[in-house]
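Note that chain A is present in both complexes that follow, paired respectively with chain B and with chain C.
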Partner chain A sequence: MQTTLQSSTTFSRPESGFTVFWRAFRKSRTGLVGLIMLAIAIFVALFAPAIAPYENAAATSVGIADIYQPPSAAHILGTDDAGQDVFTNFIFGARVSLTVGFFAAFISIFIGGIFGLVAGFFGGRWETFLMRLTDVMLVIPDLPLTVVIVALTKPSLMNIIFVIGILGWTTTARVVRSQTLAVKSRKFVLRARAIGAGRLHILTRHVLPLVMPILVVQAVLAISLAILNESTLSFIGLGDPTAPSWGQMLNFAFGRGAMSVGAWWALVVPGFGIVWVVLSLTLLGQGLEQVLNPRLDTHHLMPGRPKVGTEAQAAHPARDIILDVRNISIHYINEGKPPARAVENVSLSLREGDLLGLVGESGCGKTTLMLSLLNLLPAAGQVVNGNVYYKGRDLTAMNEDEINNIRWSRISIIFQGAMNALNPVRTVGDQIAEAILKHNPAFPKNKVPERVAELLDLVGIASAHSDHFPHQYSGGMRQRAMIAMALACNPDVVIADEPTTALDVMIQAQILELLDELRKKLGLSVIFVTHDLGVVAELCDRVLVMYGGVTAEYAGVDTIYNEPKHPYTQELLKAFPDLTKPKKKLSSIPGYPPRLDDLPAGCRFAPRCPAVFDRCQMEEPGLHVLKNDHHVGCHLAEGSK
Partner chain B sequence: MKKPANAKFLETRGLKKYFDAGKRWIFSPNIKKVHAVDGVSLTLRRSEVLALVGESGCGKTTLGLMLMGLEEPTDGTIFFEGRDITHLADHERKDLRRKIQMVFQDPYESLNPTQTVKEIISEPLHVHNIGESQQERDERVIKALEDAGLKPADTYLTRFPHELSGGQRQRVVIAAALVLEPEIIVADEPVSMLDVSIRAEVINLLAELRISRQIAVIFITHDLGSVGFFADRVAVMYLGRIVEIGTMLDVLERPQHPYTKALLSVIPVPNPRLRHERIILKGETPNPVEIPPGCRFHPRCPVAFDACRLSDPPMTTVSKTHQAACLLMPK
Partner chain C sequence: MNRTRAVLRKTAWSFFTIVFVVVLNFFLFRVLPGDPARAGIRDPRLNKDAIEVIRVRFGLDKPIINCFDSLNPVKVGNCAVNPLETQFFIYAKNLIQGELGISYHANRPVVDILGERLWNTILLIGVGQILSIILGAAFGVFAAWKARTSLEYTAVGISLVAWSLPTFWLAILLLFWGSTMGLPVAGKATPGMSSLPLLQQWGDIAKHMLLPTLTYTIIYMGEYTLIMRSSLLDVLSEDYILSARAKGLNTVQILRDHALKNAMLPLVTVIAINLGFTVAGVIQIESVFSWPGLGSAIYEAVIRRDFPVLQGAFLLIAITVILANLLADLTYTYLDPRVTVD
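== the complex of A and B ==
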């Protein structure tokens, strides 16, 4: 069965996995340098007889005069204690060191890989046995054990390879086991079981491909460890005398007076070899890890880069507008690719005590827009145009220090996915206290617990739960804790980014009710980001519907739901289940939202629009303002009142 | 395929699943149990859509996994076409797996990121040794993709999951289930991770499949609002038990149990003019380790009275198609 599976995978792919890997790896400078350094070392080792000026281990002419000769034309790196050419020995030493490294690493990775996979995948007694064995092996110091075993057996190259290999599997076994456990718990493994796949099938087809990258990185590191171990063994005189490695060169030079006669070349040259290879492998390992380890592949939130073309303008906003976003455009700049126009020319204003709903599908730019308000865009994101005024001050013109005074203490944000936004190893109360003190260092320390209890009470959590860890909280409570953190510094504006998306309907209703209460009690202004038009209908004052990075429609809540003018809003409302008319087929919007780096020429909604006509394909519609402050980004709204 | 449409097809009797809460210690032989599913009896008819509704922690997912044979029931029995399938060895279950397939909640997690769409969908065929030739298998893969609404199918074959949108991924998961030509699909929250605009198309797809392929669907969800369209019957679960079951109209229009009424009231209505009274229950589903005495819903019930703390209400018949378990129901 396995063979038939294998043959089906050779089915035509657009590009092989290796091509994809290579394209990513090429970008890692450390990895490339390591690879080139290693390639040079391997080249030297392979073609040693051709490169070396003398024959291996052949004393050119043994005489006292030849011992420890400094570098000269005949011996470019001098001679050693036996009058042999150091350069020649160095070249042939590379062969021995690399051979030991590769073979020993192969043995460790093989054993460690199998032990880790079996322990992680099958669990139970196998896991207990193998992991206890690993623990015991880890407790025994490697090097003395290696020394003892090699000293007891004949110090041949083969023995050295085996001993180093067999003692070096423990780290690999642990790393592979934890990766296997992580992969095993993923849903696609459960789905494979539901299909009826056996264990062997799941292990080879689902677990191994995801463990492989980590195994490769481990292998590279194991090689460098094995080379170091071999050098140490040789240096203390336990190397194979018939196969002189770099470690042995060091041993001979050190033991036979190179230091006393000042023959530095006999020590520096082999040392350089060891450093070169180990460094190359470490760099290569680092480069591979960057490309292969999915856990490192995240883009972090960073302070934005200097912005293009922003200047502080004197603003005169209407009196009670607290946050005023004017014509903001944000692009993600990717090297060698067209910029992704994530947000273009979006304006909104938030009045004191208002609740504004920001609605759109995933990838419509709504989260980008919100992050830009706090200057929290990922490094590739840039505000290319427009201004954000908070009480008349332009946030886009502020430096990092100035914005730090506003971020969280004046404008705070409740992130989506409360579990990931809380630190799992600290208590919830501790994290709320941190939020208070970080933005208000002068806050009296003895009042902090009181304030934490007050905040928890505000969001409906008994203060007894303050000492609990996030995993002891339910999903709804975690979201409440996130709200408490957002309120820690008495902000004026709270941005709630999909705060209820992963929650059950009942908990969702509780959270919405809480936000509405807090808004009335504390006079907060709230921007509520969601993909669900139904959620915001009950509490919003105004709604901004975004599509593909632009404003589709922006109006008061009643207008949006009862007199929508943009076809997208109309379609969204139709896609909504209406329980008063059950058994009616749901209407869905065909197609998918546009990719922001590959937008259609005219209106961004044109490819999915039921009311599309010629002009939409060519000309991007402007934002038309109708009565009651109703903004519509559609050609059809032009001229209507 | 011609079998009576209302014949008992899948049936559970008193199904229970208890998990151990914590590890067993030498000195404490009686360890606490998590009562995930605590006595569920229901039937599914051929090509019927049954919605299983409840909050997280009510046991609806565990129930689905037991029907799939992915969790071993602690007690009770499951019958499929009259045959007891409660405890089967792996090789006995293999043929059954073809007939009962599952669609999971998170289309991002339930696809292996290193496999192409073609590999994902042809995998079940290899596992079950279906198809005489590669060509026949390819045809089946294409048909499954097209039935799942991914047209033209050949443009999707070589793509990897990360190159697809959420809705497309969920269609791939459905296609991988369809390729085995199942008779039942257990769909565990198939749309709750998707945007509203995409939810409709996945629900419509399942609704079409039950008509075109006569597939029965068990639709597990926390959102009563999303099942109104195509469910024939709705079962509302609370803390491991079914508290109300009936046809869709029974439950939506004549809800009997206070829990059902509360769930109905919090469905978001996309119209500010229809702002209505919502019954927002306090707290969350209690810990299923310590089930409240009496009616298990009484601590959160807005209309609970003294008797509710003492007696556990039995399932009472409202009409031929409608049952609920509440002491307030007219006898």
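== the complex of A and C ==
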């Protein structure tokens, strides 16, 4: 879903950024709370005269008796050092603080926005100059400079706003520049340029709308910083004496003995105002940030869901079957939505020394199935039925410590896209050594580099590269290093999850050859996940074809190629070039794989099936076993032998 | 590519920034209306000769730079003066010799005043920074690890509130609370302590530091918690964490060996950028607790309009922050193998 979202924003200009923005923002509770709190503060500031019980700065005759009066009916929040009503000053203080915040932030955002846009859009010398200036200004401490400038000039509200505003643009300039750079290279901007649109037109009509949300977030943060800075200035005596802000109230109370007479109300109330406004802006900023950079809800260390369903059955696999997956079903649980049935009732057996191919389109549950074998499902994933037996022991029933001893030492995984599967800040050799030492704590430490070199040599990497970091490797080398790492503890079973997807054709062939060679040399049993039927034909002993989370067909490789029974397998084979019949037309399967949270009622392949009939729409087909251990999940196979 | 080149380039830029600050500091105090020395000689009781003596004493009889006798109001002067005779060069020369002028208020060299105070500020920032980083990072790790639990929501909520607190206000509240608890609330030591054994003196200083450090820690801990949490959340959703799990490492091993270092990297940058803000916090904390550091020096200089001290303190703080930034930047270069030039 994410890819479709991305591509749509890449190819067409979004209708209205803010409608989309608001729709996403509404979901953020943090942001909404912040917005409401801010709205209250603005309301109070706007209608201060109506809310406050006394007229502002009504310097009524101040007697000693009026000073620092505790809260009472007449003064619900007490009086201050001048005998004035704290509540009234508090209400009017909102005006000053918000005024400073909004105007200063406006100046900062204006300057920072223009600098960032110009630097990012026009590049060249302007960019160098502006960004160097930003870097220099960024490390000069803000507040001391503000203090110096305000101390040297007249501490009027105007001056304060101006100084805070002018010194606060640096972060905005940086953020806006990088966003402008990103937007500039988007397709619709490039296209607008290609058809000769003027630079100003592109800047205002195409770039600015997409930079706007970032400016809003920056503005929110700038307002809160400006309010905090103003209060600090006021507190150290640099506030505008004619505009009593919350900081000013604190300055007076603190400087004029509120502490010694215990007049907490004169100290607590104004501070509460600052916290309220700044907190509202912080929450609002957090909410906006979440909309701009949505983060995944889960991560890899969150506890998985406990397995439900079948308890361990009597395990009596054939002696040479090393990994036996029986009737496994996996759901992804989304709160408040029907679960996504990612894998349903899939069985497979891996014989010792065999290579089993697992074939299917993207999103058909292949990776989910493989992760479940080692209990590595993401937090939302749950095994709702079935068992996984490794040499007769049920892996799904193991606790984390038990399975940790199986992981890598008995069953290891070669992940797809090894760039991200290797830790970027540790050397490759170090990461391989880690696996060795984890599972053989007794391994002599001084022999580890030797073993690492040996493993790297096995996959054709010179041991000198052992000290290098993953980013210093080429894509093919990383995948080889991943394989070396997978072999580090002499596992019995290796799961290769699309190990060649991201590589170019030549490297793919090399890696596959290497895998096959190693399998034979080391006697590994391998599950090979791929969507490349050619690879399967070349290497595999048995093949499991998955469609939409279920088994379409499961049989020996010859059976699959020569007597495919499931229409999906047949279609897949038609889509695959046959070298013996070069004239034959290739076809592709129309339509898309089903959404796992919205599956059709009957057969999952029915909407795309060329051989579909009425029963397929209503009834899910069972798995029919034909001769030669040939399993077919199709009504058509019923009764055939 | 080349690490040495990166280090040299960064050092050169920091040096340039320091030069920029030095120049800025000079002109700021001469362009803006509150001219440092003029404020001191505006006293109507002084006669012309006395004013001239003061002008000579502060070097104000010399042109500011070539062609300008004064910048506020702008007074064009002789362009053919020896540049070494201008105020700017005398300022630069004095600076290189470590002279920052004489305090109006204390009538002592600014360098001496700030020198005494610098270490107190470094002590306060040092202890506060270490505590807030350790605690903040720890809370951040827990919040990320226990994502989507009440533990995370509590940690984030408290951090956001702490982030929104005005530093001086929290200092005042803690001062209020501390005074009811009988804790020392002002200064660095109890008067007359210097006759006691060293250990007792240190104990006394530690007691005085308690509230300022607590304020500092609470204010900055929140931010570190938030950054550590979000950084760790990013790292924990990376594929290499899944690899680490597949390798059979347990949670503690994964956090320690695969996640923390990667997640700490952004924190290092933030610590560097934060140093500027940290100074802002220190001014407030030191003023409230009368801690004799650079921050309270600024506060007092502002109140007394003691411009040489203000000028010197700003310069010292700015240069310290720039150097600390450089240090953090270089640490980052060292920590992250992916960093290359640019």
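Couple of notes before you dig in:
FYI, the second predicted complex is superposed on the first by the 528 of 641 C-alpha atoms of A that agree within 3 Å, B and C clash if a C-alpha of one lies under 4 Å from a C-alpha of the other, contacts with A are read in each partner's own complex, and residues count from 1 in each chain.
Just so it is clear, a residue touches a chain if its C-beta (ideal position, glycine included) is under 8 Å from a C-beta of that chain, and two chains touch if they have at least 3 such contacts.
Everything numeric here is computed off the predicted structure, so don't read it as measured data.
Once the two complexes are laid over each other on the shared chain, residue contacts for A:269 go to neither chain B nor chain C. Once chain A of one complex is fitted onto chain A of the other, the partner contacts of A:250 are limited to chain C, with no touch recorded for chain B.
Of the two partner chains placed around the shared chain by superposition, neither chain B nor chain C is touched by A:346.
Look at A:571: by the touch rule set out above, it reaches chain B but stays clear of chain C. Shared contact residues of chain A, touching chain B in one structure and chain C in the other, are absent. Residues 1, 4-5, 8-9, 11-14, 17, 186-188, 190-198, 201, 205-206, 209-210, 361-362, 474-477, 504-510, 513, 531-535, 537-538, 540, 557-558, 561-562, 571-573, 575-577, 579, 582-590, 592-593 of chain A touch chain B in their complex.
Listing the residues of chain A that touch chain C in their complex gives 135-136, 138-145, 147-149, 151-154, 224, 228-229, 231-232, 235-238, 247, 250, 254, 259, 264, 267-268, 270-271, 274-275, 278-279, 282-283, 286, 295-302, 374, 376, 400-401, 403-409, 412-413, 415, 417, 420-426, 434-435, 438-439, 469, 471, 485.
Interface of chain B with chain A (complex): residues 55-56, 68, 70, 90, 93-94, 97-98, 101-102, 104-106, 109-116, 118-119, 122-124, 126-129, 134, 158, 165-168, 173, 176, 180, 195-201, 203-204, 207, 222-226, 228-230, 248-249, 252, 262-264, 266-273, 275, 278, 280-281, 284.
Those residues of chain C whose C-beta lies close enough to touch chain A in the complex are 13-14, 16-17, 20-21, 24, 28-29, 32-34, 144-145, 147-148, 160-161, 163-169, 172-173, 175-176, 179, 230, 233-234, 236-251, 253-255, 257-259, 261-262, 265, 273, 275-277, 279-280, 283-284, 287-288, 298-299, 302-303, 305, 307, 310-311, 313-314, 317-318, 321-322, 325, 335-338.
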